[in-house]
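I've put the structures underneath this note.
Heads up, the next two complexes both have chain A, just with different partners, chain B and then chain C.
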Partner chain A sequence: MTSRTRIGLALLLALAGAAVFAPLLASDLPLYMKGANERAYERARRTLPIAVEEFESTWDFAGLTYEGFDAALYRMEIDAVRSRLDTLASGLPEPQAARLEGFRSEFDTTVSQHRVEGPTLVELARQLVLELELADEDDENGVILEAAASFPLLAALRPSEVFFAGTWIVATVAFLRRGVRSWTRITRGLLLAAALALATGLLAGDPRTVGLKDGLADGSVRATTVVFPPVAFGYAETHLEASLQPPGGEHWLGTDGLGRDVLSRLLHGGRLSLAVGLLTTVLVLGIGVALGALAGLFGGRVDFVFLRVVEVVQSFPSLLLVLAGVALVPAREVHPVVTIAVAIALVRWTGIARLVRGECLRLRELEFTLAARALGFGGFRIAFRHLIPSAMPPVLVAAAFAASDAVLTESAISFLGLGTGPPVPSWGGLIAAERDLDIWWLQLFPGFLVFVTVVACNLVGEGLREALDPRARRERRQLHTGLEVPA
Partner chain B sequence: MLGFVLRRLLLLVPTVLGVSLVTFALVHLVPGDPAAFAGRDRDGVAGDVDTEAVARGLRRRYLLDEPLWRQYLHYLGPFDLSPRGHTAFGGSGESPWNGVLALDLGTEFLRPQVEIAGELVRRLRVTLPMTGLALFLAYLIAIPLGMHSALRRGTLFDRAATTVVFALYAVPVFWAGLLLQQALGGAGLGWLPTLGLASPDGGELTGLAGFTDRLRHLVLPVTCYAYGSLAYLSRQMRAGMIEVVSSDFVRTARAKGLPERTVVLKHALRNSIVPLVTLFGSVLPALVGGSIVVETIFDVPGMGLYVYESLLRREYDAVLGAVLMGAVTTVAGVLLSDVLLAWVDPRVRIGGRASA
Partner chain C sequence: MSGPLLHVRGLEVSVGDVPILRGIDLDLERGGSLALVGESGAGKTTALLAILQLLPDGFRVRLAQGERGPAGALSFDGRDLTRLSPSAVAAIRGREIGAVFQEPASSLNPLMRVGEQVAEVLRHHRSLGRRAAAGRAVELFGEMGIEDPARCARAYPHELSGGMNQRVAIAMATACEPALVVADEPTASLDVTVQRDVLALFDRLRREHGTALLLVTHDLAVAANSCERAAVMRAGRIVEEGPVRDLLLRPSNDYTRELVGALPQYAPPLADEAAS
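Presenting the complex of A and B:
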């Protein structure tokens, strides 16, 4: 691997790392908090009887087999009650904690046996809620919550985010160790990431994280220790009083018209830009290799049709075609990242396809193909085990450039306003949001990140090309030694 | 040679058919139609007219309620399939011919007085000078730059030039445009105008003043058009030159004692410029099509902006007309490349085997 490829890959890994870990780097939730969340406690306390009532209204019929019984709704109501009980339990001192546990076991029995003895659950819940009232100036006898440790940010992570983080770590380790030493370890690493992802799935949806930052500000959440991520602003967190602040100060890269932190939006927006780049590259590779190999291996009429199709696709103003394609699919039904990636891939596959076709035509005539045929291998085996793998190296070079092209195209689409919409647009869309020339920080930074991404992809491509091109290698040696090296 | 050109021109037919079919399907499948914009101003506010009635009339007149294949045949021509169309298709015979095959690109739906063909020509008059100038400048700078880099390979100049070119290659156009506007426009140094083709009061400026005014408006968009091609061309030039300089005939030329100037300008340059000449064919479509992004940023009423706005307003025929023109230019460009190659490089023979 040449040094250029390594620099490019390092840049890409850094960008991908920022994207993958964006939720941990920039969020309005604390990474760690020790304190009493009275806000969440009060909300849970007030709504507990209502949740129980809702649960009973579905449960009433659960024991009987009645037609309108909705199992999904039933489970949802159980979860609603349980999550409130969990919220109440955190930081609750004795003896109230014991009372809560008493109610919880009553509830569990009800769920498992579909029946209750004595007073109904709703009555129990109403009693409990009265006993759990918080202490304030008027009422000295109420509950005083103890400080409890929590990790709100981790609890708000999505399983896919954890999985991608794991994948990123595996890739980075492989990069630092200069290549894959053992595929078993890679597989194990990925499996571990998947397991962690599933584990986070169980934690997800902690209601205590809702409005936590506001609570900290107005004192309804009392915390002794709070550790925020480096950028302590959510990507959609608005501060109208601090709109359009230039870089520096509290907001490192300034704020936009709604007072949202630019750095946080950049970190989160990059996830979309890079996702489009990655997905498009995969799609372009898939379409290009499949069609190119088909044309190159079959030749004849298939090849003729292939060339005409390529000509048609290349004759389009490609950006316009992508724009029309993106406008075709409503964002409600398909995630815009997918739409944009598919649209770009459908326009930009021709380069790689022609490359693969040419390589297949060339390799088909070489001795090793003849040898394979002489050994009696079938057409499929020759195609998939010999020809297509041999055609791959130049395709990888083209794929690197396809990635840079995809990122550029996506940013242009988003810039024109047809890209990924709220809650957070991709880098191109961030630029489009503000066209006022005085507010330079909203335009400079997103464009710069697109630029860095494209440079990184091009570096990888250049490096690979150099490594694969024997002539360039010879030149390099010549340069270093000053001596001719025979071909 | 003639046979080859004719053969390639014949292959143009399936290509253009394919392009028109795909574009037609695509623009018609995008939700909404031009009739929905009828009787409304640019912001979609309805005027005094009954928009529903206007929309119904438009849909009937332009067959927008008919199945897509009928609309396509109507567009393709040569027969007019509308109620006023050819008698063979149940029309009144008022206007029997229509469509591309009858050499009629139609009119805009919402502004029926605007002939699309005429509008395309008007837009070309705006775009072509810009892209042409940009391309000319790109070649003008790229050839000496690439040549110098190649001849001084490994020096500080080469490394600096290669790095700059490499970086230029990765700059998103819209970003470059906005930053240029910021740096040189009113918000920054205030050197250059940032929007439009001429000052609003430019009509009164005559002679030299008017010319400079228009020239000053051209600087930024032309720069945006040029830097990408500049980067690409100079890279090609450098690579080509390096290859030629290390070839045997250059060594021979040097060995027989020719002055370095003659070796470079006569032997090396002529050979390394060949790929650049043929590249001209592949940039032809961009020359004609302009750029949506550049024209949006600088508010230039050229081809790119026209196509984009037509797409947004669902002016099907305008989009189709522009795309078809682009497609023909692309294919013509490829053909031109091949012919140019044969012209500048006598070793290349075309016509023997189809060089696809």
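Presenting the complex of A and C:
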């Protein structure tokens, strides 16, 4: 591997690492907290009777009729009640804890055995929340919550985030060891990441994390220990009193017009920019290799149709097509990252497809194809095991450039206002947010990150190209020495 | 089954209106060996590819027509290759007919370890498991006279010498113990000592497994050393066919005489015998 490729890959891994770990690096949620969350407790207490009422309304328990029964809604209402009970149970002292457990078993019985005798659940819930009232100056008899330890940030992680973090670690280890030694280990690492992701999926969605920082500020969350991530600001956390602060001080890279932390927004915005880059590259490779191989291997009429389609696609101004595509698909229905990636891939696959077609045409005539056929292999096996893998090296070079092109195009789209919208725009959108040169920090940092990403991709591409083509090195030397380079 | 292993009568190949082969007749017994010799462009390789049914697009194969139906034939082991379905022919290739080509380096897949490539043949035709196929591939390498076969199996083609690669190619062609091996100039790109070893390998296969050999070569010395019979081709026809010694010592055809006369004089044993 050339040093260029390594530098480029290192930069890309660093950027990807920042994106993958953004939720752990920049968030308004503490990594660790020991304390009593009265805010969440109060919210759960107030809404418990309403949740129970909603639950009972999904099914007429007294009459036991199934008319208009909606199973999905029923399960949702059960979850709503249970999550409130969990929130109330955290830090609840005796004897109230026993009362809560009593209600919980009452509720469970209702769910599993359709209990209909005795007082209704709503009545029980109303009674319970009165007993669970918090103590304050007027009422000394109320509940005083005990401090409980929690990991709010980890609880708020999504399974996909955990999986990508695992994948990143596997990739980084492979990079540091200069190549893959054992594919079994790679597979094991990825399986472990997937298992952890599934485990997070079972934990996810802790309602106690909502508004935690506000609660800490106004005293409704009493904490003895709080550990925040390095950047203790959420990407959508506004501080209107601290708007447009220049870099330095509490906000390392300054704040924007709404007082949002620029560094946090950069970290989270990078997730979108890099996701578009990655997804587009995968799509471009998929479409390009599939169509190019079809044309190159079948030839004849298939090849003719392929070439005409390529010409049509290439003759349109691609940025306009992408803009039109992104504008047509409502962001509510499809995630903008997917829309943008598909739109870019649909106009940019032609280069790689032509490359694959050319390689396949060349390889098809080589002796090892004939040898493979003489060994009795079928066309399918020859195409997938022998021809397409051999066609890949130049395609990988093109893919690296396609990635940098995708990041740039996405930035352009977002800059024009059609990209990923609020709450967190990608880097291109961040550049576009403010166009006043006095507030340079809002444009400089995202612009710089786009620049670094593109340079990194190009370094990887250049390095791969040089590694694969020894002629390139010789030709450049000839150019430097002024000797004539044969055409 | 009686009758020759390979039986070719009146084979004609043309590209458009241009005839490439005209009325080729060949017979090869089980365990026999036949050399197709002739100058470049005589149609030797075309004949070989026609037998394998692997001619490029645009080449048309015909059998000579008699008064009542086809008088020609292209049959292997009693089966008419021209009437079999493409998949049936593909099942014969690699399993019952092995093929070795001229450039060992370019006839192997550059991206796969050579052991895997041999194993792939075994897994495809013999339905062996991954482990069994890999083990058998190493065994085959040993039989091919490759030193340290286990290490060699893990190498890529570019890490091996031409002679090694040709042994690998022969291992692939003979992995399924075919009844016939066709070889297209298998030694043309090798130096003479390696050439001798590779030819000795074909000899051994013939003796130990009864594998028949159809060898295409422009080199009369190679033909004389490794085959019992030879057919001399010129401009798409077979001009003379017979035991290789007779052909070389008492050529009856002018062209054969010319070919033999073109042999360099320092080829000692043959030249001596011819002179005496």
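Everything below uses one rule, namely that the second predicted complex is superposed on the first by the 464 of 487 C-alpha atoms of A that agree within 3 Å, B and C clash if a C-alpha of one lies under 4 Å from a C-alpha of the other, contacts with A are read in each partner's own complex, and residues count from 1 in each chain.
We adopt the following convention: a residue touches a chain if its C-beta (ideal position, glycine included) is under 8 Å from a C-beta of that chain, and two chains touch if they have at least 3 such contacts.
The model shown is predicted, which means the values in this text are computed figures rather than measured ones.
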Fit-or-clash call for chain B and chain C when the two complexes are aligned on chain A: fit
Partner chain(s) touched by A:Val454 [first = chain B, second = chain C, both, neither]: first
Comparing the two partners chain B and chain C, which touches a greater set of residues in chain A: B
Partner chain(s) touched by A:Asp438 [first = chain B, second = chain C, both, neither]: first
Touched partner set for A:Glu311, first chain B, second chain C, both or neither: first
Which superposed partner A:Arg75 touches (first chain B, second chain C, both, neither): neither
Touched partner set for A:Leu416, first chain B, second chain C, both or neither: first
Touched partner set for A:Pro330, first chain B, second chain C, both or neither: first
Touched partner set for A:Gly376, first chain B, second chain C, both or neither: second
Closest approach of chain C to chain B (Cα atoms, Å): 19
Of all residues in chain A, those that touch chain B in their complex: 307-309, 311-312, 314-317, 319-321, 323-325, 327-328, 330, 404, 408, 411-412, 415-416, 428, 431, 435, 437-438, 440, 443-444, 447-448, 450-451, 454-455, 458, 462, 475, 479
In the complex, chain A residues that touch chain C: 366-368, 370-378, 381, 385-386, 389-390
Residues of chain C defined as touching chain A within the complex: 52, 54, 87, 90-95, 98-99, 101-103, 106-112, 120-121, 124-125, 169, 172-173
For the chain B and chain A complex, residues of the former touching the latter: 11, 14-16, 18-19, 22-23, 26-27, 29-31, 153-154, 166-167, 169-175, 178-179, 181-182, 185-188, 194, 242, 246, 285, 289, 292-293, 296, 307-308, 311, 319, 322-323, 326-327, 330-331, 356
